[in-house]
Every structure is written in structure tokens, then in C-alpha cells.
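Two complexes are shown next, each including subunit A; its partner changes from subunit B in the first to subunit C in the second.
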Partner chain A sequence: MAAADVAYAPPMKSGKPGYEGGVLEPQHRIRITLSSRNVKNLEKVCGDLVTGAKGKKLRLKGPVRIPTKVLHITTRKSPCGEGTNTWDRFEMRIHKRVIDLVSTPDVVKQITSITIEPGVEVEVTISDA
Partner chain B sequence: MGGRGGGRKPRNFATFRLFPRAGAADPNDRVFVRVDNNEYTVPGFADEDSFDPSQCDPTADAGHLHSASGPLPEHVRREILELGLPDDGYNYLSHLRELRPAAAAAASSFVPSSTARPEPLPLDVKAYDASRVRVGPAEGELDEGRTMCKVAAKTAPVRRIEKAVDPDVARLLDESDVSHAGSEDEGLEEDFVIVANRAEGEESEEAEEEDEEVEDGNGVFSDVEEEFDFEDDPKPRERRLLDEQFDLLALEEYGDSDDDDKGVKDGEYELPSEVIDELKLFHSQNACVDEEYRTPADFVRRKLESSTTDEVDESVHVIKKCAEYAEKYLNETAEEEEVVLVSESSDESEVWDCETIVSTFSNLDNHPGKIETPGIPKRRLPRVFPGENATTNDIIKLHGKERLPVEYLPQRKRGGEKEKKVKPAEATIGDKFKKGAEKETKEEKKARKAAVKEEKREARKAKKELKGLYKSETQKAQKVAAVTGPSSIRLM
Partner chain C sequence: MGQKINPLGFRLGTTQNHHSFWFAQPKNYSEGLQEDKKIRNCIKNYIQKNRKKGSNKKIESDSSSEVITHIEIQKELDTIHVIIHIGFPNLLKKKEAIEELEKDLQKEVNSINQRLNIAIEKVKEPYRQPNILAEYIAFQLKNRVSFRKAMKKAIELTKKADIKGVKIKIAGRLAGKEIARAECIKKGRLPLQTIRAKIDYCCYPIRTIYGVLGVKIWIFVEEE
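Entry: the complex of A and B
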């Protein structure tokens, strides 16, 4: 009734501490896709990113492990057609992890700039929050 | 699918991928690059670098340039020149790469080696070190016409070297090592070398003059010596008075009996002192001064000149002495010969000192028979003594020199023939008495042929006997041959 003098503050999610009433920059939904042939490195990068994001108090959806894609190549061992029909079976395993965040692009840049491991491909997709 | 087209989800997102920055030494230096074509913009992302791998425009600076059209902007040109690259309108900055400490640690940076090895020469190039070659100042000595004694006076030793470095390059390399702390005496630095060289040249000239005065007598030797100088370790200095004095001193201190050969190096050769004296006298007369070659005989035959009378005497003297020595030597050797007398032994002593008598028989008297296989026992004794046939005659005939009863002797091989011959002889003799001499030849022939036949028959018999006798041996041999020998051998 007589609530006009009180500034109407729309109900807001009391987020993280230090949250000062409205973000200076619009938050985006950011999806970081990490793919690699090397599981160890990939897991390491993943872990670093997650820890970085958690340190920045971002909303994080933990590393989602996409099923590994195995690419096969099956060829005859022999360069000519002679001999027992032996076949080589080569495979390449691609591992993929997906991390979802909600934050500003700058922060994401910061996070991704620190942790780098050779052989890990990082793709960042930014969308509207 | 018309409805499908309208209901497509709005693509309001942007995808960025991390790429390593071009020109960056560190592969970890990455930037976000947009990889989709949506119309969604993210203001705070990937704005700092306008890097786009699809466009090949590497740097922000390059973004200002037109690619290869028009001159480069001034600041770009200045930068290129500063780097030492040529100013030819091409933007070399696009090829620059950052050197980072991490990259350097990753062994991708250039570290100049402390032990620089110059490149080896290509195979078709030969390099010689001619830094030791003396050119110039020694010409004064050569003009005196001593060309005979100094063959190829201007040769100098040069050593072939494997690696040749340009002196300028070497100097630059050295300079880069030495830190020039901006010395104010730069002028002096460059000059003092020249000054020093000049000073040395003057010194050597002075020494040369002195040498000529002092060493007039030893002209030849000194020349020879200088040749030695060239041939030995290259010593570019002239022989000065000081060197002579040093040599003398050395000889005095450590030398042998010969103390007068200034021009001879120690240890090169040692002549007896008398010879040296003679030679010295000879050389002091400057025998090689003139162009024309002279023998002492020339002087003797009065082709001498007034200035060389002394020489004549000397040469004569020398020759005389040589002859004396030769004679003495010859006589000495003649006297020293010892006559070795070898006495011949007398007849008595010419007896064999050792006598070995094996037998008193000798081949001259005794003819040993040939060793043969044991013959047929029949042969030893004829079955029928021809003497028996001839008993009709009641005469035992003795034939031959020894007067032997030939018919009754054991005959040899030809004995058969003889036997047979004897028989027909007997027969013919017998026939003779009965028949005429004409038929002898026919019967003789018949008898002869019969005898031959008989002989052959007997030989066959003997062979058969022999075969039978040694059959066991052949069996053994066959056994052995079957094992070891070739199968072509047939023994039985």
C-alpha cells in the first residue's frame, strides 16, 4: 500500500557475495568445448578451467564427458596384393569435454589464457544469457 | 519444408576458437578467433587482435598497408632499416618473429658458438698461407751478381692451409668479441701497428748495411744461410750483427773445436778444422764473384788476372796438397796389405784323411744285375737241355770267349730263342747232313715261327699262374678300392 516510497526492487536472486545490484556487463552463456586426442592433457585442462571458474565464482556446469569418438582405418598391411591377407587396424580417439559457464567474456578470456596444454583444442561459444 | 525454414532457431551465438598467434614464438600464446558466420557480436571478445587466418593479414600494422601497392609508410620503412633489412619496398616486418625467453629455452633461438670453425674450403680451391713471404727489402744484396750461388733467391715457403678465413672477416669477428669501450685513442690504435712496422723496416735496413760490411768474406755462406732461413722455419728478419755475435758466443760456450766458421750454423755439418781453414781461405778470396765460372786450371794456364794471382797460388797449393794426400793414402794402403801365403800340400799329405771301404767291388768291374720279378722256375732250367739232343753228337761244345758249355747253361729270356735256335740249329745241322743247304731257310723259318708260338704259349701260362698266385692279394686290393678308390678301377 504505502510502499511507493520504497524503491521497488525487483526480486533478484541473491547470488554470490559481492554482487552489487546488477551486472556491469551482460552475462553470457558460454560453452567451452575441449577436444583432444590425449586424455591426460584434456583432463588437466578441464580441471584447471573448472578450478579457475570456481575461483571466480561463476555458475558452472561441470565437465560433461561426451562419448569418445573412435575413428578407424583398416588397411591391408601389404603394399602389393601378395601374401596372407593381413590387415592393419588403426584408430584415433577423440575425447571431448564441455563446460558451461555464465559469465562475461572477459572473465572467460582470463581463464582460458592461463591454462594451456598442447594438443587440446578449445572452442568457446558465447550466447545470450 | 517451408515451415521448417521459418521455425529455424535463431543463431545468436558466436563461436571462437583458440589459435596460436602467428609470428609468436611461444605456441601457448593463443588468441580467440571467430569461426562462424553468425551475425551475433560479442563486444568484449576477440577484439584486440584483428587476426583472421583466412585473410593472411598478419599484424595490426599490416592492416594499414595496402598489400604491395604503393610505398611503405615511413615508420615501417624506418623500422625495416633499423633491423638492417634492405629498403626495397617489401615489408619484411611480416616475417618477424618474437623471441621469448620460453622459446629461447626451448632451443629455438640462435646461440653463437664460442669455438667458431670457419667453413671448409670447397674441393676445387687451394689456399696458401703467404703471410710469411718477405717482399722488398732484400733486393739490395742480390744485385752484386751472386746469382750463381743463390738459385731461386726470391722463393719463399708457403704452407697450404685447409681453412681460409678472409682477414677482414677475421678482424670483424675479433672485433665483435673485444668490447670497444669507446677508446679515445682510436687514432693511435690503428696507427701504432703501422708505426711499429715501419720502425722495424728501418732497423732491418741498417742491419743489412752492417752485414754487408762485416760479412764480406763470408758472402757465400751468408747467402747459403739465408737460403736455409727460408727453407727452415720462416724467420723474416735479416741476420744482424747481433745474431752473428750471438752465434759466436754460442759456439764459444758450447761449440767444438771449430771456432771460425761464422757462417755455418751449429750442428748442421761438422768438417775437420783443417778443411775448414782451407775452405775459409778459399772463400775469403771471393771465388764466386765473377759471372764466369773458372777452374784452378784456368789460372795455371795464365788466364789469370792481376787481382787473382793470390788465388792462383792458393789453388796451386791446394792442388799440390790434394795430390800429396792422395799419394800418402795410396801408399799407406799398399803397405798395409798383408801377403797371405797359402802353402800347397805335398803329395803325401794329399791322402784322404778318412777312408771308408764299403766294398772292394766297383761298378767298373762288377755289373750288378737288374732286379726282376721272380721268373718262371721253368726258365731257370730248361726242360730239355739242348745238350741232350746233342748227345747224339757226343760232343759238348764250348762257345764264347770263356769257353763255356752254352747248351747246358741256364738260359735267360732270350735263352728260349737261343734254345730254339739251337734246336733248329741242331736240326738244321742234322738236316744239313741229310738235305741240301737250300732248304735250311725254309725250315729255319718254320722253326723260328714255331719257337715264337711256343714262347707265347708259355707266356700265357705264366701269366695265368701269376694271376692265380696273387689272387688273394687282388681280392684285398679290390676291397680297398671299392671303399676308397674310384669305381673305374677294375682289378679282378
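Entry: the complex of A and C
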């Protein structure tokens, strides 16, 4: 019977900070929003953050890719009204990624301070959980 | 004939990089743009001021004065990195000049929470940059050299640098004539329709007593 119990027991996750021992540090739900116009740098920062969080063994919801916003500006090419009506179509693509973590704010500050790429905006919102 | 698109803008995604590399949400974008514009104007005014000061002391016999090729601006949370690419850095080698520039810029930008970080890079081959050639032509024209000679001298300068094609076009009241026209000199090849060709372009106005001459220079550096 004991053997059967052991076989059916669910596997235990080990090494989670804040769950074992007597002292519980308040864990917060932290949402990191990354926005950029440049996909390469954005994916690099995403990857760095994810590997940093996995190294510290935090509960992580992987990079959620929010649909890219394409901002359009359509203007006449001509400075006057003369000529065939040719139009310039300019666009700016904003890519956005969201990473959710559960951890203490200090750890998050460590992780976000390491990875800084030009052209990527990082926003961190902390909500108690 | 048709109109030609600016070759820098045409290649922005591929061979050409943006000079201002930062991100801001659409709400705050205009402020960032205005900051950028102020920084660039401030730097150009500073160099023009110092050029005038320098010319009071000695006659500017050589045209190797400082020419800014381009100014790169990268903004992060708390710092603004300004990288100035200069052809022949004379003035800005000294640290005092750089500190003066920093102070001027701080006044212009007047944001308390942002530090300015100015770096100055010397351009490797100055005669490959169209801005420097344009300044050279402007200098020659001010000294009343015939414009065709000025263009030919500029093209000779590019021969030393490794260049596959040049085109120089001057438009306006050439030699002070009443009727304006445009003159063009080409050398080598210049594939404007090929996007993977790296083409540098510059449009530079020259003020003469007869009016403004427009100089446009295309330089075909390399393919891919």
C-alpha cells in the first residue's frame, strides 16, 4: 500500500523561494511590459529576462506577444496642390511583449537592471497577490 | 522626368540606420522629437560659433575645419547618449570644449532627471562622407573658384577613398548668372534603384551673394 501511495503522489516542485520555511516574503504579481519599434532588440531583451527569471526559479508566464500596432500617416507628397495626386504612406510599427512574474520586487529590480538595450521601453507594474 | 526619392529614406529598413534610436509611447513622442531637434541645433550652433571665433584669429586657409557628418541620439530611462561623428576634430579634442558643449546642452534640454553623455567619434575616411565633401565645395565656392573646378576637385578627393561611384549636382545661379540651371558630374556607377547598395546622400545649401546654391552629393560606397 505504501508503494502504491508513493507511486500516485504528485511530483513536488522544489526550491521555490518563499514557499518553504517559516519566513514568507510577500510575493507580488509583477507584470513587465516591453515595447519597441525594433523586433530584434525586443526579442533579445525578452530572452534575457526569461533566462534571468528561470535562473532565479520564479513562476513565469512566458513572453506574450500582443498584436503589433501599425500607426499610419498618409500625406500628399506635393508641397502645393499641383500634379498627380501622389500620397506618401508612412507607418510606425510598435511591438509589445508582456512577461508575468511572481516574486519580490527586489529580485525584479536586479533582473531588469542588467538588460538594457537602446530603443526598448520597459514598464513594470506591481500588484499584490 | 520623375522625382527621385531620398536614398537615405528609401533604405531605412535595410542598409541605413536611424540616427535617433529611442522609443516613446505615441503620447510622449512629440516631446522626444523636440528634444532631439534642440540637441542637434545646439551642437551645430556651437560649432559655428567656434568657427567664427577661430577665423578671427587666423585666416582659414585650409578647409579642414570640423564637419559634423551625423549626430546619433539614443535615449534610455535616465541618460541621453549623444554620439557626434566628426570629420576633422580640431576643437572638440580638448576636454574643455566638450564640457562647454555639455553645459550648453543641459541648458537647452533642461531636464533634471536625465544625464547627458556626449561621445565624439572621428570618421574613418572623411572623404567618403558626402557632408564633408559638400563643405569642401562650399569653401571653394566662397573663395570664388569656378564651380566646375570645385566639383572636379571634390571628385579627385574621393579617388583616394575607396568609392565605387559619385555624383555631384549643383543647382542655382551658377557663376552669378541671371538664369539658374543645374550642373551634374558623375563618376563610376550609382545604382539608386538597388536597395542593398549602400548609398550616402547629402543635400547642402550654400549661400552666395547671388542667392542660394543647392549641392546634392550621392556616394556609392559598397554593395551589400
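Worth pointing out:
Going forward, the second predicted complex is superposed on the first by the 107 of 129 C-alpha atoms of A that agree within 3 Å, B and C clash if a C-alpha of one lies under 4 Å from a C-alpha of the other, contacts with A are read in each partner's own complex, and residues count from 1 in each chain.
In the analysis below, contacts are C-beta pairs under 8 Å (C-beta built on N, C-alpha and C of every residue); 3 or more make two chains touch, one makes a residue touch a chain.
These numbers come from a predicted model, not from an experiment.
By the touch criterion stated above, A:Ser36 is placed in contact with subunit C alone, subunit B being left untouched. When both complexes are overlaid on chain A, the residue A:Lys109 reaches subunit B alone and has no touch with subunit C.
Once the two complexes are laid over each other on the shared chain, residue contacts for A:Glu121 go to subunit B and to subunit C alike.
Contact with subunit C, but none with subunit B, is seen for A:Leu71 once the two complexes are overlaid on the shared chain. After superposition on the shared chain, subunit A has more residues touched by B, the comparison being subunit B against subunit C. Contacts of A:Thr51 after superposition on the shared chain: neither subunit B nor subunit C is touched.
Once chain A of one complex is fitted onto chain A of the other, the partner contacts of A:His28 are limited to subunit B, with no touch recorded for subunit C.
Taken together, the two structures place residues 116, 118, 121-122 of subunit A in contact with subunit B in one case and with subunit C in the other.
Those residues of subunit A lying in contact with subunit C across their complex are 35-37, 71, 77, 94, 116, 118-122. Considering their complex, residues 3, 21-26, 74-77, 81 of subunit C touch subunit A. In the complex of the two chains, the subunit A residues touching subunit B come out as 25, 28, 104-106, 108-109, 112-113, 116, 118, 121-128. Every residue of subunit B that touches subunit A in the complex is listed here, in rising order: 12-18, 27-28, 30, 32, 35, 40, 42-45.
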